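Same chain, two partners: chain A is paired with chain B first, then with chain C.
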Partner chain A sequence: MSDFEASTPLARDGRAPNVFREGGWTPMRQYSETEEVDFAIVGTGAGGGTLAARLAEKGFSVVAFDAGPFFRPLEDFASDEESQSKLYWLDERIVDGADPLVMGGNNSGKCVGGSTVHFAMVSLRFRPEHFKARTLLGYGADWPVDWREMWGYYDQVERALSISGPLSYPWGPARPAYPYRPHPMNACAQAMAVGCEHMGMKWAPMPLATVSAPRGESPPCVQRGFCRFGCSTNAKQSALVVWIPRALKAGAEVRDLAMVGRVELGSGGQVTGLHYHREGAWRFQKAKNVVVAGYAIETPRLLLNSACPDAPDGLANSSGLVGKYLMTQPNQGVFGRTKEESRWYKGPPILCVSEHWNYCDDKNFPGGYTLMSQGPMPQEWVNIQVGARKLWGSDLRHAMLDYNHMVGMKVVGEGLPSVHNSVTLADEVDQYGLRIPRITYSWTEGDKALIAHSMDQMQGCLEGANATDIFRQEQDTNHLNGTARMGDDPRTSVVNPDGRTWDHPNLWVCDGSTFPTTGGVNPSLTIQAMALRTADRIEALAARGEL
Partner chain B sequence: MLHGASAMLGASVLADSAVEHYRGSFDNPGMYTPLVVSAVTMAAGIDGASGQWLPRRMRDGMYALSGAVGAIGVGFHTYNVLRRPGGLNWLNAFYAAPIGAPAALSLAGAIGLAADEIAETSHPDRLKLFGIPVGRALSAFTALGLMGTVSEAGLMHFRGSFQNPFMWLPVSLPPIAAALTAKAAIEPAGERDGRPMTRSWLWLTSAMGIAGVGFHAFGVSRAMGGWRNWSQNVVDGPPLPAPPSFSALAIAALAALRLRDLEDA
Partner chain C sequence: MTRSYPDYDVLAKWDTVSFDDKTRHVLRKRLGETPPRRFFSEEEWALMEVLCARLAPTPQRGGPVPITCWLDARLHEGDTEGYRIEGALPEAEAWHRGLKAIDEQARTDYVRPFIALDVETQVILLKRIQKGEVDARVWHGLKAGDFFTSTLLREVVGIYYAHPAAWSEMGFGGPASPRGYVRMGLNEHDPWEAREAKPGGARKPRGSGVA
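Moving on to the complex of A and B:
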């Protein structure tokens, strides 16, 4: 896609791209900017995309905005890591703190469907106790929702995405069998399984949001392995191929290449709509409700950038907590070489899981973590060689020749909430003239203990699988959460359990930024489950006239 | 008719193992064996059903080879499952070598051997296999074979999450045919009504086996790239040659019923 095309919206003139057809279109209802729509949603990923579909299906008028383009995977996605960086949010940011975050592919997305377009499809549930980590386990914070209710919504999301997973899951309370059967485990996943058995840990095939059999217009996964750079077959059940088509069918409008810069606050603490930039001009959409679903960086940035005389510290910020408690998840890796060829890039990148250290409380650190097998693509692998091992020249070349013999594991850990980790506004402005975010992050002592523990465990697994030349990738992070946390108390939280901001009754947040803790698992399933819950709550409130 | 069933089963194994073992890159040289042996079985079946140019001892040798190789194949496939992490679990049952598949070769060999036994005698109604009247023995044998094939189709369709409702057919029609055939094997002599119900279900099962090729062809079309990408999707999609093994076993069962009728007479 040329720069010119990328600057021209496709969702317009009563139609939107049909993601299942090369060059195809699907009819789209459109709303005028002067029409006060029921919901204007900022972001179309796991939070916004899911909510747009459900609210439209419940009969609300919905316009969803995304700063990025509307791709058709069949024609727009190449088997090329570099080219596919077009899926990430690579606009300028300032990162600082003791452990500055690397922003990009691991923690952002900029296209319709958000980062689910390039996520690794890992679809795990929170451990029930993790929703009450403060009360039951003594760290972090409590969620203001009951785990049984959340697990009910997990059921719904798993069915909506036809998650392919094991028939019985080794950890936690009984859950229904996953709708689709698990994918085969590649050599790297099998090595992890052997290692887990050596370490006395259970393992299972990873529950994944890519179908193992045909489903609707999605063909079964062909194990191509480029999942994290955009699935070009539509086997991946991203928001782009699951929720967005449902939203359009139910009458929602999607505006691509539409950067929302400010939410307008009217009188009486109510918001009146939003200002967005599209096709070279700033525009205004009137709305009865605004939902911010821009994830843990862009959500607080928008709320802070919307400061006005009636809300000088930014919208929804009477608690002073907008942008605070930014969390990430440790994503360190350990890698080794096997005698047999492993070809670990085959199939989805993560095919084996162990949640042992989420469910075992006999440990010397707060929080939990998940271990998973890992199969990086070649360019990622070069980056790890250069970054973590500092290899260069002939050493690098020599190491790369072992690519087909490597196995590896990664951790997704529960980074602890700290009020010192935050998103604030820098003075510089971006291409839209909006102040850019400053992202401040440092590991806590608890995080460091978790990371050290997980790397020892991964090393033990790889040794148990007879891997040699084992080395550690000591620095890596992925998912972000926090910055608009939910709670029961307006003084200590930004939104209530429904995602409704305490300060403005018609301003909502629906994404990972509402998480009080990150749990020890990848967040996408929980974000979607929360979006389903928010949609149901909005419907119930509307029925009672309390919207 | 029994020789024909053997040939058909042999052909099904030949095509299926060729595709599946090619998919497995003939990682172990032993993976060529079923291709050769099933071709031999097919040849024996065709010879037996048509001109019978080969001497009987040679044909029986070919059938016996098929029976033995099928049994060895079950052993190899079991080893392949057990050596994977987790051993005998759902994941390995889905994706490791299918344990039951090589047994089809044994079935083809055994049916062929029985066919030659029957052709040899002028009184098939008095012929016995393992001390059991041949009609009863073959009825029981084909009923078992049908149920084995049902298990394999059931496992594979479960792996495919029964995503298309027609995937329930091979786990619902043939078990009834197999039960009726088993009933024919054990019920007392003297049932002389020709067993129209059993025959109908067997014909239905046989027709389903042929229709299955069409359903599987549709399945191939639903994979990425559809039939335009046949070289990958035929290998990776639902196996086109698998469903006719139902037809082959149903036809063998129909032949067994004829013998049962003679025994009853």
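Moving on to the complex of A and C:
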């Protein structure tokens, strides 16, 4: 618990931090750099963490790299917004386009477990039709996988994380009851439910990846409300708490504070390993396969930064699509005041969901969206006041004194894929000497229509809940997808349905960057489901000698 | 003030199960340390002190919340926000140039340094800067409105609302580990949460926020 924590690797000398014990350790198998491991995985979040666990459990030798530190939540996580910004990826990035993305806290993580360490735990399935949005709904792109197969993997992830959710879910085909009972809805969620009734929309307690009863070494959630700044009790079922311990137990090695800078391409189009920076020096790990799981910015950045004479435009980029079709999700909010005390800092920040506009097609815009209740902490809340209402000084103070009487809702929308939204390399380099990413983003006309529609719906809900002084947060985004899209055709995609790059048979991608569309829900459950699928496919291919 | 929490002090929970060791460690540092001036010049520091007084609310009780020293520490350590808009100055440079421009704008319009203006004039000038109604020659390509909102204001109020005095004033529950909360619904609160003073109600509410 010193400031030393973030500067020295902890996973070394045959042991890794035990996330369930203060000062605790767990044995860790280690591999030498000259040993050609089966899989070197870049990133340990929803994609890489999940895949590391499953591949190790299937008997493959695995080394997983993360640029960030390896935390023990019980001793490292304070109940404090400011100091917990240590969980974010805050290295410099250039943003441009008509709607430059705000990077940092709400869309990236830099620690073992990735952004699942600070995600809001929303665990939703895609609507089945959203996997074939182009064919069935006329927009976006089709996924090269069948929704029934994906729903089978959703079942598995929901059980692995013991998702707490309602017995029956109001939208879509029948699904199993969630493993654990739902969390109680806080005042803000109750207000949203009243508003949904008023608007004629169904609502439900949000399925969440934080346990409502004990599970293994995780105690039940105590409703402390700091979920988006790291869970200090381990109730949250992050990759750090769920998949990393499983990976270590199954014999995987995790290297923390290890920034991968380049994947090495050998002869015959095969990659041979990766260059990474740890403890002040560049090092090289040999590997039979490399999996890039750095999320939608760092994944294309690494592939592009790995350009070499045999792949002058970057690895896996013969289609020219690495870094293209970046998608974010609209995350606008509407807020209002209630006479009653709401004290919305209590409980997980999002406790009520309506997927009405994912499943209703009677609308004048492409894509779907989810509505959810919202409970910002003070720094988040003042940031909204300053950005959306331009308040400062005594006006700001008056507004902030209403904190305990506020209710609010947010949208998570299906941002549409556009080839103009992209990740490329800037000329500027970072502390490792690596070119930093340039992130270009502009909303499409469809996105703008979706955003306008969702804000009217949220306003209607809050009015229906008798909120007053309603205002809109017109600009916010979260989640990142695309930039290494999967498909059936090497000319129009970067990876095949297994996450295998078309160009290099032993180079894989396993994270949100393979998404052809974002769906109208938060992506973490789908990223984990895809990782489970990729692990099963790798096992099947290996059994047939096709790895 | 129509509503507030006159008897609530989030720090009264310091020795209870709402605070854990890591949180105490972090807050002890925030409350006990005053980082020295390393990033700002003396003139910039003096200007920042005045800007903080205008931009951030002043707490009802206790002294002013220290902001300039923590901002200086962050900028000195080179911590970045994680992104920069194309064409924008690197953050450190934007601060130096933005503060210089605020002062020069004051000298251009009022023939005095910003800190020598009366409070009312300072507020009027800051409102103009927020709206971008400035002399572009003074700002040397920096967008005044963006600097005001996205750089200056966000940082100042962000640091303010990381301070327990701000949490007490707004009735925020504050640190909540290992003990979280039990009573979650409308108009419900646990004994260890702030008790709101109702207009015309009992002047001294019972059991406010200490347990």
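In this text, the second predicted complex is superposed on the first by the 542 of 547 C-alpha atoms of A that agree within 3 Å, B and C clash if a C-alpha of one lies under 4 Å from a C-alpha of the other, contacts with A are read in each partner's own complex, and residues count from 1 in each chain.
Criterion: a residue touches a chain if its C-beta (ideal position, glycine included) is under 8 Å from a C-beta of that chain, and two chains touch if they have at least 3 such contacts.
This one's a predicted model, so the numbers in the text were calculated from it and none came from an experiment.
Engineer: What is the contact status of A:390 with respect to chain B (first) and chain C (second): first, second, both, or neither?
Structural biologist: In the superposition, A:390 touches chain C alone.
Engineer: Pick one for A:167: touches chain B only (first), chain C only (second), both, or neither.
Structural biologist: So A:167 only meets chain B here.
Engineer: Between chain C and chain B, which one touches more residues of chain A when both complexes sit on the common chain A?
Structural biologist: On the superposition, C touches more of the residues of chain A.
Engineer: After lining up the shared chain so the two structures overlap, which partner does A:222 touch, if you call chain B first and chain C second: first, second, both or neither?
Structural biologist: Touch status of A:222: both partners.
Engineer: Look at A:184 in the shared chain and tell me whether it touches chain B only, chain C only, both, or neither; answer first, second, both or neither.
Structural biologist: A:184 sits against chain B and chain C alike.
Engineer: Just checking: does A:212 make contact with chain B only, chain C only, both, or neither of them? Give me first, second, both or neither.
Structural biologist: first
Engineer: Which partner chains sit in contact with A:295 here, chain B, chain C, both or neither? Use first/second/both/neither.
Structural biologist: In the superposed model, A:295 contacts neither chain B nor chain C.
Engineer: Check the residue A:233 against both partner chains and state whether it touches chain B (first), chain C (second), both, or neither.
Structural biologist: both
Engineer: Determine, under the contact definition given at the top, whether A:193 touches first (chain B), second (chain C), both, or neither.
Structural biologist: After superposing on A, A:193 lies in contact with chain B but is clear of chain C.
Engineer: Show me the chain A residues, by the header's touch rule, that chain B contacts in one structure and chain C contacts in the other.
Structural biologist: In the superposed arrangement, which is not itself an observed complex, chain A uses residues 184-185, 190, 222, 233 for both chain B and chain C.
Engineer: In the complex, go through chain C and note every residue touching chain A.
Structural biologist: 1, 3-4, 19-23, 25-27, 30, 54-58, 79-87, 123, 126, 130, 149, 153-154, 157-162, 166-167, 169-182, 184-189, 193-194, 196
Engineer: Quick one: in the complex, what on chain A touches chain B?
Structural biologist: Its residues touching chain B are 162, 166-167, 179-182, 184-185, 190, 193-194, 197, 203, 205, 212-215, 219-220, 222, 233, 235.
Engineer: Which chain B residues qualify as touching chain A in the complex?
Structural biologist: Per the touch definition, chain B meets chain A at residues 84-86, 90-91, 94-95, 158-161, 163-164, 219, 222-224, 232, 236.
Engineer: Note which residues of chain A are touching chain C in the complex, please.
Structural biologist: Counting only chain A, the residues touching chain C are 1, 75-83, 88-96, 100-105, 108, 184-187, 190-191, 221-226, 232-233, 338, 340-343, 345-347, 377-379, 381-383, 386-387, 390, 392-394, 396-398, 400-405, 438-439.
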